[in-house]
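Each structure below is given as structure tokens.
Each of the two complexes below includes chain A, the first together with chain B, the second together with chain C.
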Partner chain A sequence: MPEVLKAPLTVEFPFTRSLGPVQSAFLTGLRERVVLGVRTRDGRTLVPPVEYDPVTAEEIRDLVQVAATGTVTTWAWNHAPRRGQPLGAPFAWALIRLDGADTALLHAVDAPGPDAVHTGMRVRVRWAEERTGAITDIACFEPYDGDDPAEPAGHSGEFSNFENFEDPVTGIVAPARLDYTYSPGRAQSAYISALSEHRNVGERCPTCRKVYVPPRGACPTCGVATLEQVEVGPRGTVTTFCIVNIKAAHTANLDIDVPYVYAHIALDGADLALHGRIGGIPYDQVRMGLRVEPVWTEGARFPDHYRPTGEADADYDTYRELL
Partner chain B sequence: MTKEPVAVVGIGQTRHVAARRDVSIAGLVREAARRALDDAELTWADVDAVVIGKAPDFFEGVMMPELYLADALGAVGKPMLRVHTAGSVGGSTALVAAGLVAARVHGTVLTLAFEKQSESNAMWGLSLPIPFQQPLLAGAGGFFAPHVRAYMRRSGAPDTVGSLVAYKDRRNALKNPYAHLHEHDITLEKVQASPMLWDPIRYSETCPSSDGACAMILTDRAGAARAPRPPAWMHGGAMRSEPTLFAGKDAVSPQAGKDCAADVYRQAGIADPRRDIDAVEMYVPFSWYEPMWLENLGFAAEGEGWKLTESGVTELDGDLPVNMSGGVLSTNPIGASGMIRFAEAALQVRGLAGEHQVDGARRVLGHAYGGGSQFFSMWLVGSRPPDS
Partner chain C sequence: MCDIPLVPVMRDIALVAFAQTDHRRTSDEHSEVEMLMPVLHDVLAQTGLKTADIGFTCSGSSDYLAGRAFSFTLALDGVGAWPPIPESHVEMDGAWALYEAWTKLLTGDADTALVYAYGKSSPGSVRDVLTRQLDPYYVAPLWPDSIALAALQAQALIDAGHTDEPALAGVAARSRRDAVGNSHAQLRGSVPHGDYLVRPLRTGDCPPIGDGAAAVILAAGDRARELCERPAWIRGIDHRIEAHALGVRDLTDSPSTRLAAEKAGAFERLVDTAELHAPFTSQEVVLRKALRLDDSVRVNPSGGALAANPIMAAGLIRIGEAAARIHRGESDRALAHATSGPCLQQNLVAVLEGDPR
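This part shows the complex of A and B:
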């Protein structure tokens, strides 16, 4: 049995976020070195702020400023920071209740080691030098032994300057990245291995006798394992197709000149069509039933395209069940 | 013990647009939910449970958005469920909510579906670069266009039918203030002259990419009795699934779709859908799916669906109006699109569809599908309570 393949798969995308009024004020505030929370009708101050009261579901728009100092309510030591985390050296993840707030904010505390962190410790914001209107405008928190703010819980409940911020932040980019080790499994590994010899090897379901290329290791309709290998093709029939006239972002067609034909091709002996590009014939002469064969290029895992074999077209009834 | 009858007493939608940059996702769903509550003249406290749905998380990159949306939807302290069934999710979400009422688990349920397509790129989400796999060679329409060609071959439909559907749906959208596309200068000639993207699918025969949300308040008989406006009553609802690709799959008329419709008709006592159903809101992301689904849902014999479209039967003033709201072709916040079909069907039998109301609509079908014709969900709603 050939080796089961593995390869890294990184999935990443720069998602965008429209902030809405509350998060817009919060992040604009951070850019201006001001921490804003929201006040609920029953007088609690929530930091970070939310748009809707978690108890009553009421809309909340009453913004208040809180202090840049606070108290650690609980924490955990991060021995090995990962990519994208607030600090490169080991640090504490902590929940921090800022002075004037009733809820805690999750952030990093820069400390020399876990012995230097404790619940109840006083910390203050270390602002990032470059601030853009993002949670990372708070670089981290750091130990603080200064005096408590004179009026920690309220700043009179009014803060007017935030309404005067110029150029408020209304959206952010939130890049997301996931790193996987991907394995296609036994059946597909065997299929890919045979492809390197330009052979199409599928698997037959022991129950319904259908041949799947590429094989999946199990029959999707019978739900049983498939083990019997069956070589199919290399010739096949175009069952249906479309003519692609546009280059689409996020697909692999950016290097292909349009128009071209994208077709479903039932390889001889297979019970499910696979997909491929048709070449070696003007795009507007491709038709259902066209007989084709693969064209390989040096070093490629899959055929570059399929071209006409010159045989007579297949009769519709021979492939209508494969449409 | 019989099931509790389920009534739709509140419906709310956002005005669907390409990008709602003024609101967060929470703000977007809140708007639809608030309008549904207002329609039902209820408050957050009147809701016993919340059931929400959206398309896959990759489409916006918020993992498990239901956690973050609990506050916005008044779900704190209540059961909250999320449903996942790709593009059909709006329909199946409504059916899960309806099941809670029918089973008398809850009296009044808020159900909502949404998508903020502007925050991501659905094509990216569907095209992850999986190692060892053959790269995708065509965009979204390229997946569906070969099936459309297969339908044309099988039915002998003239190649103008797709443009007739698009022209109809875009005109219907002009009568729907919530629709995304309002193409006031639309003409059939413009549709037919629009660029051929994935031959046989033209640009004007494809759906837009929208931000939007749709919400409904479902309730029991007692709740319906208190409703300030006429309720819509659920007469039948069903879901079916099948693999996206398998040997023997009929991509033109999937078996799961036929079975799902048959189940709904059995529950609702529909003997002849063409005669017994007054209008349909069906999930048509590419115009040719109207004739395809007309056959799949039993409104026409195999190969005959296009004749209903061509002869005007599916026009707003036709004998079987289809997609009175303008349909997915005019509005497509993916996760919400199925629920919009269900909600628009309910609006019709409540007589509250406004300018796109079909006179005397008593029984209307709402239909959704998704995941490469993998998932199907449908309901039939009526203006009168189901027989008990």
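This part shows the complex of A and C:
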């Protein structure tokens, strides 16, 4: 059993999302320190507002302003805040029904400890200093000792016409990042370990006897584990190829001039073609049946490219099943 | 004029085999397909079926768990999917893959179906991964993790007087005690209830994080009787969903579970067993009420999701565990429940029966 390989893997992507008219008004309102809800036909006010009634599925567009104060309807004390959460110090998650709303909004409450939080407690919005039109424009909520709804923040009156906010927010960019410790499993660990010694080790299906390189641990025809290791190559045959005219975007590949050839290569002894770049030959002379061998660069974990061996081309019948 | 029946004839469809892996905190030495293959071979061996005999294959998994793009297509290597087979996948718990397979068998297009699910949570941080399924506009940017959302529900139940912390600890203890009889479970026996993770939920109120897989075979009519001595007939199955905004819902109740149960016929006659997919102790309180389960019903004899919670497979395992008890003659009529999303967002209920003995 080879050692289990592991490597850190970060998956990170910014999602750019467009907003519907109600979401746009709500997030633009937060930027302007105004909290908007949406009224359903039966008179309920939903905050945060949605574009369709969750009960009737009716399209709803009737925006109303609610207060920046409200009441905790349930809460949970977060001892150890995690990356991306609203506050860095321990805080309470809470569902908060703002004064004037019939539904609750999820957010954080900044409080000194769990003993300072309870269902029914009064809170008010603490606005973020820099606001962009996002739910995080509310930095968090904080305890509020007034019984009455606070005056709607700052701009009372001016936003009676809030459908016509200037420069409305029409989209958000939501960054997402997840961190993993990746491990490729038994078959691929064995393949990668052998490759570090410049050896191509595939696996043979015990049923149909096909040899898979790289191995994935299972024969896709028979659905059984491939456990017998078989060294193949290093030489192989180009089974098919394409000529690439688009410059590689990845920084590791900037040295590769276009056009170049990317090919399927059946290593000798393998029943599945792998793919690699062909070098050492003008791109327009690469052909099906070309015999190639790997070219390693110093310290590399996989072949940089494959080059012609100078042997006569392989007979079509020797690789026709591998196309 | 020819007579066309206006009411379609429902086919009898049963679970005829079930298998699951041992569920463990990590499975570094195996890829998903390597983890999955033994359970696929197990259900095929139980029925004597070969890959080529399966009429339809359906799976449930999420690539986000292990951060491995298209792992569900790689997993298909394990079923022998070449040359191409009739196959489908849901980015949901395998219980919903089973639902799709059940509808496929109802159409008459297939007589047998293989359903599998797997989850490999160990490579990532599952509390963070699950935030990515939330409303991307108003909720996900706050990164509220899965335990925080369950804790909000637990506090709502405590405030409403439906439970308290000692009662929740009792659910945890009973589940792990029952899991002693389940060799696949990850947490068994006496497990410390631990400190608060997100108050009011303590470590013991939360499911273990782990990797695992499960598979079942469905068969219709006489085919089911050929393949299994006592098939677990699906008498009804239905799934329903709540409004997606947490603040719109009454977190102390689960109308979607109740409706799914009603549509599945769960209330027509008492069940003797219920396998509930309640990853958090507090969620069992909600489900018991919604499903009107009293103390006469054996709840989660397997230990449930508090004993092993391979995400994407744990719901399918509930159905499999309920069916296995019918296969073994330990139950005559069982309810199985699966959930998906935060705070019991979406719920599936199946009612299974064995033939009279």
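Going forward, the second predicted complex is superposed on the first by the 302 of 323 C-alpha atoms of A that agree within 3 Å, B and C clash if a C-alpha of one lies under 4 Å from a C-alpha of the other, contacts with A are read in each partner's own complex, and residues count from 1 in each chain.
The rule is short, and it goes like this: a contact is a pair of C-beta atoms (placed from the backbone, for glycine too) under 8 Å apart; a residue touches a chain by one contact, two chains touch by 3 or more.
Everything numeric in this text was worked out from a predicted model, so none of it was measured.
When both complexes are overlaid on chain A, the residue A:221 reaches chain B and chain C alike.
Legend: residue contacts after superposition of the two complexes on their common chain; A:9 is shown touching both chain B and chain C. Once chain A of one complex is fitted onto chain A of the other, the partner contacts of A:74 are limited to chain C, with no touch recorded for chain B.
Contact with chain C, but none with chain B, is seen for A:114 once the two complexes are overlaid on the shared chain. Residue contacts after overlaying the shared chain place A:240 against chain B, while chain C stays out of touching range. By the touch criterion stated above, A:271 is placed in contact with chain B alone, chain C being left untouched.
Overlaid on A, the two complexes show chain B and chain C touching the same residues of chain A, namely 9, 11, 15, 17, 19, 23, 50, 54-55, 174, 176, 182, 184, 188, 220-221. Chain B meets chain A in the complex at residues 19-24, 26-27, 30, 44, 58, 60-62, 70-74, 76, 116, 118-121, 123-125, 127-139, 141-142, 145-150, 153-154, 195-201, 243, 245-248, 250-252. By the touch rule above, chain A contacts chain C in their complex via residues 1, 4, 6, 9, 11, 15, 17, 19, 23, 27, 46-48, 50, 54-55, 73-79, 82-86, 93-95, 97, 103-108, 114, 119, 134-136, 172, 174, 176, 178-189, 216-225.
Within the complex, the chain C residues that touch chain A are 28-34, 37, 40-41, 51, 64, 66-68, 74, 76-83, 123-125, 127-129, 131-132, 136-145, 148-149, 151-156, 159, 196-201, 243-248, 251. Within the complex, the chain A residues that touch chain B are 5, 7-9, 11, 13, 15-21, 23, 50-57, 59, 170-171, 174, 176, 182, 184, 188, 192, 208, 210-212, 220-221, 239-246, 248-253, 256, 259, 262-264, 271-272, 274-277, 288, 301-302, 316, 320-321, 323.
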